[in-house]
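Chain IDs A, B, C and D follow the sequence of writing; residue 1 opens each chain.
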Amino acid sequence: MAGYNNNAVHKKVESAHPKAESHHHDEEHFREKHLMLDPLPRGQMNDMVMESMTTTSWKFWAVFGLLSVIVAVCLFYVWGYMISEGLGVTGKNRPSYWGLFLVNTVFWIGISHAGTFISAILRVFKAEFRRPFTRAAELMTTFGLVQAGFSVFMHLGRVWLFYWLLPYPNQRMLWPNLHSPLSWDLLAITTYLLSSTMYLFLPLIPDLAMARDKSTGWRKTFYKTLALGFRGTEGEWTHLRNAMNIFAFAIIPVMFSVHTIVSWDFAAATRPGWNSTIFGPYFVVGALHSGMGAVVMVLAVVRGTMKNMKYFIRPEHFDAIGKLMLIISMAWAYFFFNDYMVQWYGGDKWTKQLLHFHEAGPMGWMWFAMLIANIAIPWAVLWNPKWRSTPWIVFVVGLIINFGMYLERYIIVPVSLSINRMPFTWRLYYPRVEVLLGIGTLAFFIWLYMAASRLIPLIPVWEVEEGQMAHELKKFGRETVVSVSELE
Amino acid sequence: MIKPEEIKMSTDESGKWGMVIDQDICTGCQACVAACAMENNISFVGEADSGYGRSMHWIRIERFWEGEYPEVKMTPNQPMMCQQCGSATCEPVCPAFATIHSQAEQLNLQVYNRCIGTRYCANNCPYQVRSFNWRDYERPEPLPNQFNPDVTVRRRGVMEKCTFCIQRIHKAQDKAKSEGREVLDGEFTTACAQACPASAITFGRVDDPESLVSQLAHRGHGVKHLEELGTLPNVTYFKGG
Amino acid sequence: MIKRLFDWLKQPLGLIAVGIAFLALFSLAAYGIFQSQQSPAQPIQFPHATHAARGLQCLYCHPGAARGPSAGIPAQAKCWACHQQIQKTLDSQLADTQFPLLKPLVAAVTSNTPLEWVPVAMVPDFVQFNHRAHVAAGQNCENCHGDMTKVTVAENPQVFNMGFCLNCHKKVAGENHELLVKLTDCGTCHY
Amino acid sequence: MSDKLSRRDFLKLAGVGAASTAVLTGCGPASRSVKREPYMQMPEYTYNGLSTYYATTCRECAAGCGLVVRTSQGRAIKTEGNANNPLNLGKTCARGQATLHGLYNPDRVTDPIKRTRGNASGDIVTWENATQIVADALKNNKPEEIAFLMGMAPDHLFDLVADLANSTGINAPVRFGALNMFESRATLSKAAENLFGEAGLPFFDVGGAQVVFSFGANFLETWLSPVSYTRGFAGLREGQTKKRGTFVQFESRMSSTAGKADEWMPLRPGTEALVALAIGRLASELRGGSMPRAFADVDPLEAASKSGIKLETLEHLAEMFANSTGALAIPGGTALGQSNGLAVAEAVLALNAIADNFGKPGGVFFSALAPNQTEYQRSASVKEMQEFVQQMADGKFKVLFVHGLNPIFELPASLDFKNALKNVEQVISFATFPDETALESDYVFPDHHGLESWGYQRVATGSAQPVLSGAQPVVSPFYNTRATADVLIAAAQLASGKFAEALPFQDEVEFLQSKISPLMSEADGFFSAADIDTFAAYFQQYGGWWKLSDGRAVPNSADVLNRSLSSAEAEFAGEGEFFFVPFVSPTLAEAGANKPWLQELPDPTTTVMWNTWVEINPVTAEELGLKDDDVVTITSEAGVLEVPVYRYPAIRPDTIAIPFGQGHTAYGRYATALDENGKIIKRGVNPTDLLGQHFNEAGDLAFAGMKVNIKKTGKKQLLSRLESIMGVYGVGLGEEK
């Protein structure tokens, strides 16, 4: 199939929809802007998506190969080395018993939140702009959680005994300690991983069926197996819709609980700076903050590098996510300020010492950089519709937000651990091999994403199509307006 | 229904074994630290790791400074070890029950073989007295000949801390039982208390009002560290002076 | 070249070869692990049954069990104290033909080198086991170690794992709450 | 083979959890390949799994504390104090605890060795050859060409050599120890001789006192008998007289002893005598009556201005001293290690005359002489060592035997023992550890470790009762070592003639019994026995023999105050800007550096581990532009050192201090360090490299009598501290000035 670009689309659209001249200008404008108002025949969209999956340049393989090497070395080799040598090869010490691994865990769980947020919450609230990129976001959830799981296991001193965290009957007559936030953590992350994988899979089925019908060879077998014999009958669609509806509603509390529970790892501890009642929502919002930033980055890359994606992912989407990011940034600022204020007024001398250490200690630059990256820059950039519709600008903002949110977690974990109630033990933390392992998880995340982009349709075609069917332009007097019909 | 022993736990006098430390006569000579290391098979970690906050001491002697030269003063040496809290913050956070309260001895146990190394307990210990085996620290032959057979040798990835020399408690109990009597006050003591040249450390039953440690603890002016956190520590400090 | 190799491997014979190679490697690894877990051979296939049949009490040779943590393996001198009075031990010809088990003992005693016994009943080093308490509590040796009148080299009738210990501890404690607390306390065995 | 099968089943079952137990258990390797080697003959009193305890004597320093060593299955597991021994009453110091790391040190000398000097490796010789070599050395040299250089412990070996020397005419053995050098023992006894007319080691009853003024005596660290003095200190604080005693330390640097003082007087080094006399004068004035001659010539105002202690403070101190019912003044340590050390000792001892505490509880005594001792014997002063080294350098000695000390490390480098050694034809070391001196010897015939040895140690001070601490092997020798006493006895037999006559013993034990047998007839003993075998058995069982009565002598104080005492200030050698105070590391002392756990013990004052530092006042450091861990060059007239800075808040701005104990170039892996190429390098530095040859009137080294210069090098060397530099000093919290 021939290459496809926006101009070509518009030419076809013009010819396909001859309309009155007076409306032509408005409509043109709407179509250019909104995917939902710029419909293409189903078969054509399917072909476009299939093509995006199968068109692979040597650059892709070069990057993929490089990432494979990084994953093999930074993740698996270094991890093996760390297991055989002990955690001494990391930079942890007394009192910073926790370090970069938990920073990474919190970071990756944060990243994973955006997927659910976009595909579940926006689905529940019927935000139509979500349609082309729910899949891309959900993939982030699953792959992000995989990295979070890796990071948690790296953190364990004796990872080979991880199964002691699982409740299973055993001759020792011992169960995991369900008082421990870490036990909750394990349950929450497992639940979230399972449910988000299910939730990723359900809307994928029609697209897999589509791919099955359009492919040959091993791909055919692959899609055939995964599509579970989906034929697109009315009954199947009803079941699918029902299931998705249930999952969409059910996964939202799971999402909130996961990051709340992650925050309880800290909040439930009797440590100055950690023992805060607001950590739950603060972490959830922080997770969305970094997650939305990551979604935007992924979309910008997908749009920029994959074939036919400029049709599906348009500036309107960056604009919409940009608005969300702006709001989430404000919410984050609110929670940050709230946490800081209340802690400061609490008057506990160790907490005050810690807050002072955050801003004036040797890691003070992080604190300021965090505020600039998480608040100042998003606010300064995202208020402008033009800027927030420009993919590369939003990409950079997303990058900066993620940097800022990483710093936030770094400040909460190792920097806060440096200060405790025993000044004789205060010490700084300098990461060592954790950095490599962190890079390894990042590389593995991208690696998984790239692999997935070759195997499963990144755009939920049926959802886009469904949206396009529901949208139409109507004219009321002189005004052209968009009308959306209820589907279900 | 609440059992009687649970009611007892929530009161201040919950402990069984306790310690009194007289900071006024502690000279900071480190005899207790050495004795503890020898008794409990504690690894030495070498210069680089010890300077990076990874020393494995189960007991450390803290000192601070007050004032500036020439009116500078060294604050009374403060031996700091596991306070064997009656309501320990380390216990509930361990997901594997590796740090757990001994109902029989009212001590905070660290079960090495159950530990998976989340290090949550160490984070949550307000006294920062837990040490983690960051590596398999080398003790070349024939140094292991010195190992105390009554104490498990720990390897990498395991948390450890002061046990109030639980192996000595068991030994004394075993001996007393074999002779058909109770353990006598002062019959045995911890390695640190036994070594201390100034006898600044006293160990014994705090639930026995007649014991030396109880009598010392009730002299007045005693301080239990970070008691405000509700940890019910079992070590009483006397600053003196 | 490599392509040809791949092609060869793809045909049935190649697949079988790959399978065999994989199995061989796996078995080798399993065998290696298994071997590393093998105990060395006993210096003497010690006939516990014979000794027990003559009415020797367990505590005669393993007196530590009543006294302290370790039951102990008897010193050679203890073996010799009896055996030097037994004709068949001293008669080298008899020993050669009929009682070969005695030869290593005689050799060890005459050359004054220790017999290196291989412990059979072991608990890991993070378990602090005390024989005395168990004997004093009225446990018979055979409750854990089995009936020695029936075996030559001692063997464990059961795995000494935590479940085994706890089962018995719970049974013994019964309704006695204080005892149950003590006997199921982690710190009773692990420190 | 059904039994075999079931065993395998067991293994497989267990194997699920324990397939690679070595890795998985986390608590030591749990291999299935275990063999147990029972005793061939069970030793008496030994039960499987039960510990056996042996009483012996600690050899980490010469104080003679009694130990009880817990052994299990022939291994020494833990040392505890011997509760019976009147010196330490069941207590130990950190070094006593770590002595097992000496016994099981991976770097011991395992066999008798012949080596080319300076060469780390050597050829193993048999003990027969070794004994023959010693015998030849004795026989083939003229008596005056044979010298013995011995440490302060053990005493029985010293007695043996002294006996040998006495009856064969070889040079009397010379004893030395770096601890004694820093204690200035010669000065103390000389001052006692001058004031009381009798030489001896004074004993200060800190425990019975109410007010203690210590002039530089670091009695809570290494001075004389630290365990016993620490007990005394606890007595002072807990109040044997039912009131908490007061303790004032006069010292230019806050040692860990001074850290326990209620008041620390950072006087200007060299003014100790002046201050002591001024306090004496002011106190006498308060007491009324005629002014004693001793204090008559001193001007308190001058003392105040020179020492830097305010006059009001001096008056307040004098009042405290005069009004107390139990005042005690102690001279020692750095205060005596100056050019006017003798004057300081006399002035401080004279203060006690105001309190009139001689022979009273809480006062000054002469230490009890040990049971088999007739007069006080002290170690060689550095002045005497200087003469000894000179004789070596002049080639007077053909053969030198070294036992129990490490002179290359312990003596000031400026004495150049190492070079002088080159003029000795044959050097035979009996070192247990491969120390610097053993490395420069022709032969090393390793002695047993102290815990493998027989012997006894006279308790020189610290106990009211006369004590002879007994030593016995608690484990059988771990390596192919041999007791030096046995080697000497056997060599003497081989050398025959007068040598054989001098040591007519079968072995060390027989010699020991001959030495303790006179005690059987002494009255008032802790135990007695009619025959030597029983007596010797008790001697082993209880870890020595001591009298039940107080053996301390009362100094004759009649003339103390009637002598004119010098208040002259000390003179300082060198052109430097800073007073230099070397002090003994309380945890390492002179021979602890090879014990890994001693290295890992934080220094009580700075909490530094595994290295050497120089203490500099933060104000001075700021003036010099120095931060923590900056490496500085310290130059004295005798040498140069490079050492990292510790900004120490409790030291005079014009004074710097360096601990003694590190700086080994040999002595095993823990005493030394490795550079990045794996080459053995020094761990830390040795401050004696800076010491010149200046002595006080008593012949003790004026080790605290130097002035030095400091220069920044620009290098950094991170010191390992236990303390948090942020939490303790606020560095890096964003709160610096």
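One rule holds for everything that comes next: a contact is a pair of C-beta atoms (placed from the backbone, for glycine too) under 8 Å apart; a residue touches a chain by one contact, two chains touch by 3 or more.
Everything numeric here is computed off the predicted structure, so don't read it as measured data.
*Asks:* Mean of the CA atoms for each chain, then the mean for all of them together: which chain is nearest?
*Replies:* Answer by centroid distance: B.
*Asks:* If you average the Cα atoms of chain B and of chain C to get two centres, how far apart are those centres in Å?
*Replies:* The separation of the two C-alpha centroids amounts to 36 Å.
*Asks:* As a quick test, compute the distance in whole Å between the mean CA positions of chain A and chain B.
*Replies:* Here the centre of chain B sits 46 Å away from the centre of chain A.
*Asks:* Could you tell me the distance, in whole angstrom, between the mean C-alpha positions of chain A and chain D?
*Replies:* Computed value for the inter-centroid distance: 66 Å.
*Asks:* Compute the distance, rounded to whole Å, between the mean C-alpha positions of chain A and chain C.
*Replies:* Centre-to-centre distance between chain A and chain C: 56 Å.
*Asks:* Which parts of chain A, given as residue numbers and ranges, touch two or more other chains?
*Replies:* Within chain A, residues 158, 161, 422-425, 427 contact more than one other chain.
*Asks:* So which stretches of chain C touch two or more other chains?
*Replies:* If we look for residues of chain C contacting two or more partner chains, we find 124-126, 161.
*Asks:* Multi-chain contacts in chain B: which residues touch at least two other chains?
*Replies:* 52-53, 55, 60, 62, 64, 97, 112-115, 152-153, 156-158
*Asks:* Could you draw the chains as nodes, link the ones that touch, and say if you get a line, ring, star, complete or other?
*Replies:* Chain contacts: complete, every pair touches.
*Asks:* Please give the residue numbers of chain D that touch chain C in the complex, ascending.
*Replies:* Touch residues, chain D against chain C: 3, 6-7, 10-11, 13-15, 17-21, 25, 27-28, 30-42, 47-50.
*Asks:* Chain B touches which residues of chain A in the complex?
*Replies:* It comes out as residues 85-89, 92-98, 155-159, 161-162, 164-165, 174-177, 179-183, 186, 265, 268-271, 417, 420-425, 427.
*Asks:* Can you list the chain B residues touching chain D in their complex?
*Replies:* Per the touch definition, chain B meets chain D at residues 22, 24-25, 27-31, 33-35, 37-39, 44-48, 50-53, 55, 57, 60-65, 68-70, 72-74, 77, 112-113, 115, 140-149, 152-158, 191, 194-200, 240-241.
*Asks:* Where on chain D does chain A make contact in their complex?
*Replies:* Residue positions touching the partner: 23-24, 26, 722-724, 726-728, 732-735.
*Asks:* Please give the residue numbers of chain C that touch chain D in the complex, ascending.
*Replies:* 33-34, 36-40, 63-64, 67-78, 112-119, 122, 124-126, 131, 151-153, 155-156, 159, 161
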